[in-house]
Structures are given as structure tokens and as C-alpha cells.
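Across the two complexes that follow, subunit A remains constant while its partner is subunit B and subsequently subunit C.
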Partner chain A sequence: MTSQLEFSASGLEVEIIPVEGELNVGPQHPGSGHMRIYVKLDGDIIVDAKIDPGYVHRGVEKLSEYRTYMKIIPLVERPAILDSIHMNLGYIMAVEKILGVDVPERAQYLRTLAAEVNRIASHLYGLGIWAIFLGHSTGYMWGFGDREVWLEILQALTGARVTNSYIIPGGVRRDLTPAIKEMVEKAIAYQRRKLQDWYKIFVNNPNIRARLENVGVMSRENAIKWGAVGPNLRASGVYYDVRKIEPYAAYDKVDFEIPVYKEGDAYARLLVRFAEIEQSMRILEQVIKNIPEGNILSDRFFKQIPPTRLKKWWEGQRRIVFPGYYASFRPPKGEAISRVEAGRGELVYYVISDGSANPYRLRMITPSYRTIYVFEQIVKGSRYADLPAIYGSLDYFPPEADR
Partner chain B sequence: MSALYALRYYFFYPSFFVVIIFPGLIFTTIVLLLTIWFERKAAALVQMRYGPLYVSKRVGGALQLVADAIRLVFSEIIIPVEVNPTLFVLAPALVFTFTFVPMILIPYSAIPQSGSILSPYFHIFYDPNIHKGLFIGYFVPYNIILIMGLSAITPVFILLQAWATNNRFAIVGAVRESLLAVSYDVLIVMSLAAVAIEYHTLDIAKITETGIPGIIANPLAALVFFIGMLMATGRFPFEIVEAESEVVVGPSTEYSGLLFVLAMGGSYVTTFALSFVFSDVFLGGWLPLNGLPGALWNSIKAIIVLWFTVFLRAVYGRYRIDQALRGSWKYLLPVAFASLVLGLVVGQLWIR
Partner chain C sequence: MAQKPAPQPAPQSVLSNILAQVMAKFKVVAKAESDRRAFIQVDKSQIVQVAEFLKSLGYDHVKSVTGIDYPDTKEFEVVYHISSYSNLELAKTIIALKTRTKYSDPKVPSLYSVWESAYLGERETYEMLGIIFEGHPNLSRLFLPEDFEGVYPLRKSYKLKTEGLYVDKSA
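The block that comes next holds the complex of A and B.
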């Protein structure tokens, strides 16, 4: 860190020796979440970085062994409240596999709609955090400002901005109304306009390009070896997206592309995120246009709702009231694994049911958890000032990694 | 009457009036508060939000900064256990002092022989180079050299401050400051040397009174000086020393309360002082006015320069230290040499 000066007896002979030092960055970091990074420096170059996660550990996996299946829904959303639809969706898909429920077409489309709205919001959140890491306060404010537009849609659709608990076994909780359709159309028009400004002030800003190009380069081989997921993997030239590889919800019925960049540097990761926002808006347009009529909850559960309540809530407000079955259902013995493409990458759930009201085991492998190793490897050899730039480029979210 | 006259005489005596009231301590403090308000307001405008508002809705939240200043001044000063308390307290005070000292030596306006409220001081602050009096705290004929020299001392005290706080982030910030200081000082000195050669003088007042603004006579020097100024004062995109997400607040990491104000306010004072130099040398300073209105006109120009520098926050992120160094040594140094050559040529052909 500092140069050590040695004065020999003969005179002013100065020898400069690069001195190694350690910096404890965090756990109260001027960025997102709580996490400590032990950085070993040689001058300005990072020799080694060790991530010390666990400051926001919530014990989701253990807690879920003591809760009924419905009560786990809000629990699994907690690790990544800004990406809660995906956290919710992956868990429900695993439970549905154990239960053997068929989900109606309309509910599948609604899941896709909510997931893509949430993906845009999640990317904008990540971009905002990244921008302030680079000192670009306008990108920070714009990221959070634009995210608000999408959160309003989620609020209108699900009743909550974050931690929506929208997706339930067999379907979704609320139906799409014409007002929400109009909101989505307006939001898409606004975001398309705003993305042009984003490109002008952030993406094509020479300052930002200088900070991101050739920084934190991850080759295709390394990306696969280190287990990168999501946009980080696709920025290294790997065509991999669960939405295409193993389509769920209504992703096999909509037309979209997976943006892939070959460069593998932080700037490619930035471009991938912007391209994904554009693709998500494309999906939303198709969902709005092609959404079929029908029920939003599987008949198996729908029939159990008492007629009086059905009349008041479903016919009146197009909302699902929980049938009694949900109170503490006991799925058959079995196990299921589900994969979804969350905002930050592949999210895996593994649920084992022993026939009781609580799962025997719930395992969730979050994308940020898999980013930890990538982060430790990728920062080696880069400059200390690049640490926040790389951190932001990986879109690492500590609570999601800690679970 | 004579008592009142004497009072007026001593009140407007430039060495007092310039240093303490206008455009010295009091005016500078007000301008700094307004600058920080403008910085936040302008950034807010770009960023689709209100900025400071609730403290005084009628004036757009301008009093927010007064409230912030009062809070900072009265909050507890925490001195870490393992530091040398004397140096810890002294260092930011020295930083602030030496950022302010150059303001004494900058000519703010010319004093005509008669007709101005400042005319009684014509002979005391007489500048033989322009045959006029100068509205200045202390007149030296070689004020460019003295201003550059004094403003180059500040980084030394920033290093002292970082060393005294005994914090690793502060040390990293100080190393960055020392690396940057070497490069921006070269840029500022070379651009001013180009202008000095061009106008055949080391007196800022003579440059201004020539009547040709430096930005027309030597635009390259103006560019180099402006970028050097951004680097010297840690404005975006060169906010490298205090980079929040990298080194917390750099050399000021351990400071709180009034000492934090002194440590952080210094960069704004430097920006204001260098804005005055920029206004005098490159923008025509007080011309075509003189006396007190000239000083006011000069301040308006300086404030515009100052506000432009703080507005850059809304546009840029920050460069990496090696990028800033490469930019200054690889790209701006040749431009500075070119401005030197331009100064030589134009000085021989046009400005006599």
C-alpha cells in the first residue's frame, strides 16, 4: 500500500519496495447489503480477495422445515425481496411437481408477466447500485426511479411492491385487469424512451466505458469452470438460459431472444442487462396480447372455494380466496427439483416431502450464492478501484447469497 | 462626520474587506453553502427528484445547507484513541487555511483613480503594471507564482491529515492524492506559464487589463487549466481521492463534526479560488467594469465556473486513478506543451 523508504548509511539512497497490505471492506459497505471482503493488496493490485458472507443469514432452509407449505412462500421471498416473484415461482414449481397439479394456461401467462416485470425491476435495481459504485449518481437515481414504474405494476397486479406472494400452488392469486394492461403498455413505452437516455448518459458515457471495458474479464472456459450463472454467464459467450433450455410458465409460447456477448468483461455484462430489459419488454407485449381467457387457479383447488366467497371475491374482484385445503395440506411423499431463470441467474429449489405438513428438507441454490466463487476468482489481478466496478457488474446481492 | 468617514475608510480597506467580507470568508461561506445547494438541486433536476426541499419550501430548500452546517458544527468531534490528537486536529485546520490563503492574493477588480468608493485606496494598492489600483488583499507583482505555490502546499497537509488519522482507507486516499497532485500541479502551472508568456507578465491584473480574454488568446491553456482544476479539487469525473465506494471518504475517513467540515470544505474553497483565477485570466475578470461592481461581476463569472464544475457530478462517474494519471500525462501534457507554443507565437504576433 505504502512505499517503504530505506535510507542507507551512505546517503539518500531510496529503494521503493511494493508493500503488501490488507483491507477489510465492509461489512457495512457503501453499497448493497452487508458483506465483508478481505482484500489483499500488492500496491494497487488485488492479490487475493476472500468474501466473508453470512451477515444477513436468515436461516431460510432450516426455518422452512418447521413451517407449512403455504407459510414458506413469504419466507423464501425474503432473501431477495427485489426479485421475489422468481423466488416464489421456483418454490411453487417444485411443490406443484410433488402435488401433481396442472396449472391453467392463463395462470402460466400471468406468472410470465409478473416474472418479467420483476426481472426488469431487478435489473434496474442492480444497475442503480452499480452506477453509484462507479460514482455515477444519475444512473443510481434513474435505476431506482425507473424501477418504481415496474413496481407500481406489481403493486396493481399483486397488491404489494415487493414480497408479493403472488404465486400459489395451482395458479396465481389475482387476475389481470384492463387497467393493468394499460399500465404495462404505458410502462413499456416509457421505458423504451428512457432507455435511449440511459444509453446516452450511462452506457455510452466515455467515463463509464473506460471504467468497465476490459475490467473483470471472464473467459468462456472460466465462466463455465467457476459456475457463473445468468447474465454474467451470457456475457461470457455461453448461450444458457433456463427459459429456453427448460421452458417453464409460458416461456415456450412467447418469442424472445437470449442476448449473448462474447467479451466477458464488465461492459459486456452491462450490455447484456440492457438487452435483457428490452427482451423482457418484448415478452410483456406478447403476454398482454396473447393472454388466453380462463381460470387462474387449478380446478382441483378452485372447486373447494365456497360459492358465497367465490361470488364476492372471484366474480366481484377477480381475486382468489384461499380454499381450506391450503391451511395445512400434506403432499404425498416424494421429492422435486425446479429451476427458474431469476433476475441474477439460475435459481434451483429442491424440496423433499415426507408426507407431513412441513417439507422434510428445502434446499435453495440462489444465483448470488454461486457468484461468490466467481467474484473471488475474477477480482484477482485487477486494480483496487475496480473492486466496486466488478462487484456491481456481477450484480451480487448479499442477502440472496446468505439465504 | 470624520469618525464615520474613518470607519468607512477602515471598513472598505481592501486588506480587511477582501479577506473577511467580500469575496473573502463571509462571502465565500455563503457561496459555498449555495454551491452545495445548487449541486444537489441541479443533480436532482437531472435525476428526476426534488433535492433539498423541506427545510424551507419557499426558497427551494436553500436553508437545508444552513441546517446541515449547524448540525455538523455542533456535532461531537470524535478523536480515535490511537492517533496523535494534536496532529489530528491541526491537519484539517491547516488544509482549510492553505486552501483559503490564495484568495488573498487574487486581484478581484481594478480601482480607478476617482469616482469609486474604493478610490481612496488607489495609491496604497497601486499596480504599476496597469497604472491602476487593485482590489486585492495583498498586492505582489508576481502573484501568479505565489498563488500557484500556495495552492500546491495543500496536498502536503492532506497527506499529513491521512497519516495522522492512522486509517488504511485514509492512507490509500492519501497515496491517490499525492499521485494526482503531481499531475494536476504540472497541468495548472504549465497552462498558467503559457498565458504568462503570452501576455509577457506574471501579474494576473495585467493579463486581465490587456482586454483580451485568455480563452480567446489561448483556448488550449484554458482547457488544460480547467481540467487541472477539476483534478485539483476532486470534482467529478476526478473524484478519486474521496471515492466513497472504494476508500470511504479517503483522507477524511476518521473525521466528524467541525473537523469534517474543515477537511471536506477545503476542496470547495480551492475550487472557488481557482475559479477566480480562471475568471481573471481566461474570462476577462472584472472588465468592462471596475471598483466594487467589477468585483461583483468577477464573482458572478467565478460562481458560474464553480457551478459548472459541480454540475459535472450529474453527468460523470469517476475515473480510476491510473486512468486519470494516464489521461493527464499522456494526453493533457502534450496539449499543455502545445498551449505553451501557442502562447509563444500569439504573444509575439498579437499581444504586445
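The block that comes next holds the complex of A and C.
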């Protein structure tokens, strides 16, 4: 090791010794969940980083081979409790493909409604966490405070703030009420107002810009090569959103745009998330306005509900009670792959049925799982001090990656 | 949704065109299941060449790598789901690139050299099923604890002991 003498502005001699070393970031909760980042440093430049996940591994794929199809719904929601509508939706879409079920129009709209509310909540959660990474405590409070508004809607609609288990094969569990419509309208008005404050105090804040601009840059070529997903991919100039590429639920019936930024730095990823919140609210307005009347469960299953129970639950409270079929149905042999655009990016399910009551194999590829490799690559060459900013910008959520 | 008609011009022709090209060039079994999904079954000795050919057509990333255990035939199947980010027409399609290998020789060539995005999926499949991807830069433990040596939880021979709360009939 060679040392060199440098003179600071005051004329004092400062000895700079190049130091190489390794650091463990985590595994005690370096951010939004337990995991370890094993960082190799040269001075304060990150030479190499290894992500060590698995501290919140639940074994979803193995457990699902021992569960009936309905019991897997709560299982797949657990890895990403703050984005559970999407985890639920993607799985059900794969199962519906194998079963060959038609979903009524109204249920499709309700799926879009729940998904977009959840997307806003998930983005706000990610932004809040990211803000505290950057030392911006107000952003943290606001992120979690604003998220509450949207969770209240999910609670009114589904009965639960998170892990809603709202989407079932052939439809959804509960219907929309006028009170919930009003809640959504109020929430949109509130969030639009609040976004102006967000821009003033957070997005356009010179400190935030200094921390994020030109930090953690991912070129378009690298984003494609590393297989980035979601807002991270779209902040690197790639137009790819499953809602447009392969429209599901009611996304082909609503008008919205996919925000794409070319810069590929952490600040672009921030802008994409804020733009997406605005687009999600645009979708919600259209869903509330245009939602058609009708049933929320496929006739094939609806007809199996006993009339006395229908009277009490459906006619009385607009809720679906499970028909006996759900207890242990056996889909035909076959396989299906489904993809949805979850809050953090593309979510892929690959389900193989051997004709029994449990799946033969269930593969769940979450957006954070695909972000692990991106994370390892993107931090190379960055300053160690930028690690939290880059981590936050990727919206990496360890439980979702571990599954 | 499978039942929903695609609003845009169906990429049927795109997908069948690609499959025809692959079938003309290589000895594979290929079939389009719908206008957006297809599979290509290939022998593991040719998988790298097929992958390179698909990449040259515009398939630029791997969505998932799945290992499946078939104890009846004493085989593993490895499925790569590939699609495109850069080509919007190809982005609408997902191709499942499948290959099989015997228990006695649990090795398949890694596709990391073709698609870097296969990195994590191959690593996890190695860990969970004990399939060795030859040419992968870092086949090491990922999610499981360090003392899980020699045991592959996603193999069918690995039985879970479920607790009494679940009264499902054992499969």
C-alpha cells in the first residue's frame, strides 16, 4: 500500500491511505426487511457487492405443494404484505387459466380498482422508507401517513388493510358500495393536493436532488441485460408495463399512460414512482365512473352457493360466500404462466397442475427477486455513502425477494 | 386472461414464424399454445445454440428459471421463460424453453452467457433441486441456511412434515 501526502486548503498535511476492506450491511434490517449486503470497498468506492438474502425465506414454493389451491392464496400474499392484492391477483390469474373460468366484467373492474389502490399504497410505502434512508424524516411520516388513506379504502372494500385475500377464482369477494366510491374520490382529491406538497418538500428539494441525481445510473442496455423490472426498468428508458403489453383485469378499458424516463439514475426512479401514482389515480377515477353493473363472481361458481346463504350474504351485504367447490377443487392437468404488473414490477407465476388438489409445482417470481441481480450490479463503482440512496431507489423488499 | 381477445393485431404470426425458424434450424419440439405463449422442447446439448438464436431474434431476457422434479421418470426438467423488453411485438409473447436431464447426470449448460438475467434463477434452482448449471459464474447458496448441505428441498423426495393444524389428506 502506498500512502501519499496531500495538502488541504488550510495548508495542513493530510495523509491519505488507500484502504481496501469488506463491510457487512445487515442482516439486522438494513432497510425494509432482513438481509445482508456484503460490500467490498476500495476507499469509499464499492468494488463488489453480494446480496445475501434468505433471512425471511418462507418456502412458499415447497409449502404450496402441500396446500390446496384456495389455501395458497394467503400463502402467496405473505411475502409482500404491502402489495398483497397483486400477489393474490397474479396467482389467481394462473389458476383461472388452468380452470378455464370467465370473470365477469364488474369483477375485472374491481380487480383493477383494488390493484391500483394497492399500487399507490405500495409506492408510498417505498417512498417513505427511501425518504428515511436519505435522512428526510418528513417524507417518511408523509409516506406512511398518506398510505393510510389508501389502506382505509382497501379495508372498507376487502375487510383487511393488508393480506386481503380479496381475489378468488372467478371473481372477487366483496362488492363496491357507494360509501367506498366516495372514499376513493376523497382520497384522490387529498392525494392530488398532497402531491403538490411532496414535490415542494421532497422531489424538488435541492438536498434530495443532490443525493439522487447521477447516482446509481443504469443504462437502457444494462437494464435489459440484468432483467430489471417495473419502475426501475422504466426509469432507464424501456417502455414495458404488463398493463399495456398484456392487459389483464380492466386495463384495456381505461385510459392511462406509462411514465418512462431516460436518465436511469435514482432521481429518474423517483420521478417514475410519483408519475405512476398520478396515473393510478387517473385509472381509479375512470373505474369509479365506468364500472358496469353485474355479478362479481363467475356464474359457474355463483350457482353453487346455497340459496339461504345467498340471501343472507349476497343480497344482504353484497358479499360472496364460498361455494363448497372451493374446498378442494382439482383443476385439469396443465400448466399456466401469468404475469401482472405489481407495485415493484412484473410478477410471474408458473403453475403446473397434475390433476390433484394441490399444484405439482408453483413458481413465484416476484419483482424484488429479479431486483437482486440488478442490485448487485448497479452499486459497483458507487460511493459507499450512496448505498442507502441506491437501495431505496430500487424499492427492494427482502421478504418479497425471499418468498 | 386466456379468454380475452387481444385488442391489438394478434402476434400469432410473429410467434408461429419464430417457431418455424427454430424448428427449421434445430431438432426441437415446439408448439404455440396461444397467440402469446409457446414452448420449445430441446435437448440439453443444443440449448445454448437455440438460446443464442432466440436472442438474435430479439428475446433479450429471462423471466424465470424453474426446475421441476419428475421422480416417475427419474428426470429433472428446467424451464426458462423468456421474453423481450426491446421489441414490443415480442414482449407480448413468452416462450418456455424446456430441457430435461436424468437424475444420474443432473447437469445442464448454463444460459448465463446468453442471458445474464438467468443468474439468480439458475442459482436458486441449483440450491433447491441440485441441478448443476455448467458455466454459471457463482453456483452458491442463496436462500437456504449454510447447514442445508446435500439436501434439496424442492425435490419430491423431500417430504414436509405438516403440523396438526392442517388436516389435508397426504398426497
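Heads up, the rule we're going with is that the second predicted complex is superposed on the first by the 385 of 403 C-alpha atoms of A that agree within 3 Å, B and C clash if a C-alpha of one lies under 4 Å from a C-alpha of the other, contacts with A are read in each partner's own complex, and residues count from 1 in each chain.
Everything that follows uses one rule, which is that a contact is a pair of C-beta atoms (placed from the backbone, for glycine too) under 8 Å apart; a residue touches a chain by one contact, two chains touch by 3 or more.
Everything numeric in this text was worked out from a predicted model, so none of it was measured.
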Combined model on subunit A: subunit C and subunit B, fit or clash: fit
If touched residues of subunit A are counted for subunit B and for subunit C, the larger one: C
Touching partner for A:His57 - first (subunit B), second (subunit C), both, neither: second
Partner chain in contact with A:Ala189 - subunit B first, subunit C second, else both or neither: neither
Touching partner for A:Tyr369 - first (subunit B), second (subunit C), both, neither: second
Subunit B versus subunit C as contact partner of A:Gly100, first or second or both or neither: second
Touched partner set for A:Val348, first subunit B, second subunit C, both or neither: second
First (subunit B), second (subunit C), both or neither touched by A:Ala327: neither
Subunit C, subunit A and subunit B - angle at the middle CA centre, rounded to the nearest 10 degrees: 130
Contacts of A:Leu23 with subunit B and subunit C, given as first, second, both or neither: first
Which superposed partner A:Thr138 touches (first subunit B, second subunit C, both, neither): first
Least C-alpha distance (whole Å) that remains between subunit C and subunit B when both complexes are overlaid: 24
Residues of subunit B defined as touching subunit A within the complex: 43, 46-49, 168-169, 171-172, 175, 236-237, 239-240, 243-246, 248, 313-323
Interface residues, subunit C side, partner subunit A - complex: 1-4, 7, 36-37, 60-64, 66, 68, 79, 81, 85-86, 88, 91-92, 94, 96, 115-117, 119-121, 128, 142-145, 153-154, 158, 160, 162, 166, 168, 171
Subunit A to subunit B touching residues, read off their complex: 1-2, 21, 23, 30-31, 44, 131-142, 145, 201, 205, 207-208, 210-211, 383-388
Touching residues on subunit A, where the partner in the complex is subunit C: 53-54, 57, 59, 61-63, 65-68, 93, 96-97, 100, 102-103, 223-227, 233, 238-240, 245-248, 252, 336-337, 339, 346, 348, 350, 352, 356-358, 360-361, 363, 365, 369-370, 372-373, 402
